[in-house]
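A single structure is presented below for examination.
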Amino acid sequence: MMSKIENNRLESFRQAREQGNQKVLDADHLGIKRFFNLDTNTYKDGALPGKTKELLGLVASAVLRCNDCIDYHLEQCAGAGYTRDEMVDALNVALVVGGSIVIPHMRHAMETIDLLEQEGSLES
Amino acid sequence: MMSKIENNRLESFRQAREQGNQKVLDADHLGIKRFFNLDTNTYKDGALPGKTKELLGLVASAVLRCNDCIDYHLEQCAGAGYTRDEMVDALNVALVVGGSIVIPHMRHAMETIDLLEQEGSLES
Amino acid sequence: MMSKIENNRLESFRQAREQGNQKVLDADHLGIKRFFNLDTNTYKDGALPGKTKELLGLVASAVLRCNDCIDYHLEQCAGAGYTRDEMVDALNVALVVGGSIVIPHMRHAMETIDLLEQEGSLES
Amino acid sequence: MMSKIENNRLESFRQAREQGNQKVLDADHLGIKRFFNLDTNTYKDGALPGKTKELLGLVASAVLRCNDCIDYHLEQCAGAGYTRDEMVDALNVALVVGGSIVIPHMRHAMETIDLLEQEGSLES
Amino acid sequence: MMSKIENNRLESFRQAREQGNQKVLDADHLGIKRFFNLDTNTYKDGALPGKTKELLGLVASAVLRCNDCIDYHLEQCAGAGYTRDEMVDALNVALVVGGSIVIPHMRHAMETIDLLEQEGSLES
Amino acid sequence: MMSKIENNRLESFRQAREQGNQKVLDADHLGIKRFFNLDTNTYKDGALPGKTKELLGLVASAVLRCNDCIDYHLEQCAGAGYTRDEMVDALNVALVVGGSIVIPHMRHAMETIDLLEQEGSLES
């Protein structure tokens, strides 16, 4: 069982991410603002459903080995309705493409999936 | 319009890839053989459909910036029934996640998609 | 001395790059178009002069090890008025930050600088 | 407003970096010592002013996604006299070249710039 | 001299790594299990002695800049009988190939080597 | 059987590499010259034998996915007396650490090993 303190890891990340993004936008750089806007629009429905693109974002984050990006996309994937097994199957693609150097990020991702489930954000 | 010589690019890649893979397997290293087998199985139906995982493989290849891997996964995606617009939408995720350093690979990928269409491998 | 055929390397790259970018834009994906537009605007005068940002683009391309991006940014740097020695000094930063794995790209860059000089694109 | 504890983040980094570098040098490996010496000399005035090269180091660190390197080069850039807006404009180049995977490092960098300003290390 | 708390860093890593790997395996994904098995077998005696391959794993981890992987492979290298000076000499190869961006990982690695020595895991 | 033209691939690489390195050194940048010197010295006998470090250089090149670096280090490994099976075993470590994205470089490496054997540079 996961303790309260561990559960805080996801909540702390959300707050830090939101505050950090705000700080970045407060720098008031037009190019950065446009990039953030472009980034948000990338995952909206297009030729591919937004749901599919969330999974693409997760795998891209995993092979590029960025835990914050993995956490963000796991949240988005959970919100889009993916099950634990589907996320794990996507992460396996990242593991095979990216190799054993991805393993520490697999450990991190699995813990995040557990935290998402504990707080009721994950479909079962 | 694309010339015969350019069309050969895809065919040459297929032959070189097949011969090269055979050479790798001929080295007769058990670990390498198992890795190749694992790699093949990764894209079979699981919690996620194999078709979805082909797209994950494409985006992973694009953000990691490997043209041969992009070509291989574009072929697989075409075979799995993705349209040109769906592949382009997936590549856009790779572009936004991976940045302008991915642009030369976007150029390469678009040419490959054209070649796949010319030879009739692409759904329309 | 560099032969005509070698000199063609830079000219061929320019044509292939232009045609490839056109193909990417012809895919008519709004996100991709916006990214290309954003990319172009990045190197315009802002808090930093555009000239300085061209050099930043060169070093970013070199540590990320993309020859096409290096060639493009060397052209831009030459156009912005950097001398050979200044470009070499920038590439040295990339070499030290990125390590010996950057050396093949140093070789490529030096040849491109020679080609730029031969065609009169480089300040002396 | 930033708390004392958060402000300690930069001070802790400086101490850990200094102690860590000392530990590396204490290993008494001639190649490593020479590399450290070479690294220091890279950012001295040459064909390009040292100040320009500090900015190149920052962007290289950002596209290669190393927070410790970003912090170090932000300090150096602040010391060299760059303003907040100039650093942000340089980081925007890194964001566009490196893509959304750089965003978590943008958040980190913006916080570091705030800390540098709070302690009076930043020109205004 | 290193404090008890610092010494805990290595012990905490071992526990977190073990628990995390267990969590990954508990996801019960055949592909992931096979990858973990393949990974373990990679470092067994083959055409090259397992001991040599541990050093290859260390350098691969260092140039790919993954502290958890570096710590794991340093432990394995210590267990395989490498001395401090041999590990440092291997890390120097990683530094030269990978560049100054590897330096923060050199600092981390040197601290880990100290911790391994303190707990008596290192040959002298 | 490999044709004369294919065998030329290795010879052409050697010439291009030598000429390119000369061009880089002709730029007469002290930092670059020192880096090249440092690079050469890295693979000399130290706490580890030079022979072992050649293998480390090969694996570092393979996980960082640089064909020119792989070719150079395969030559060095052949010259240092490694057998085909030993090089393949080292490349397998790179494959597992770096993942399937390394496969195109495995194909390239296997062809280079064949070329080295054909010209009698490989121990049997």
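Order of writing sets the chain letters: A, B, C, D, E and F. Residues in each chain are counted from 1.
The working rule: a residue touches a chain if its C-beta (ideal position, glycine included) is under 8 Å from a C-beta of that chain, and two chains touch if they have at least 3 such contacts.
On a predicted model such as this, the values are computed, not experimentally measured, just so you know.
Both chain C and chain D are touched by A, B, E, F.
Among the other chains, the CA centroid farthest from that of chain C is the one of E.
Judged by contacting C-beta pairs, the busier of the interfaces D-F and B-F is B-F. Computed from the mean C-alpha positions, the centre of chain A lies at a distance of 27 Å from the centre of chain D.
If each chain is reduced to the centroid of its CA atoms, chain C and chain E end up 38 Å from each other. Chain geometry summary: the mean Cα position of chain B and that of chain E are 33 Å apart.
Each of residues 29, 31, 35, 38-39, 42, 46-47, 60-61, 63-64, 69, 85, 88-89, 92, 95-98, 100-101 in chain A touches at least two other chains. Taken as a contact graph, the chains are fully connected, with every chain touching every other chain.
Across the complex, chain D meets chain E through its residues 16-17, 20-21, 23-24, 27, 29, 31-32, 35-36, 39, 60-61, 64, 66, 68-69. Contact residues on chain C toward chain F in their complex (touch as defined above): 65, 84-85, 88-89, 91-92, 95-96, 100-101, 103-104, 106-108, 110-111, 114. Per the touch definition, chain C reaches chain D in the complex via residues 38-39, 42-43, 46-48, 52-53, 55-57, 59-61, 63-64, 69, 83, 85-86, 88-90, 92-94, 96-98.
For chain B in complex with chain E, the residues that touch the partner chain are 29, 31, 34-35, 38, 41-42, 46-47.
Across the complex, chain A meets chain F through its residues 63, 95-102.
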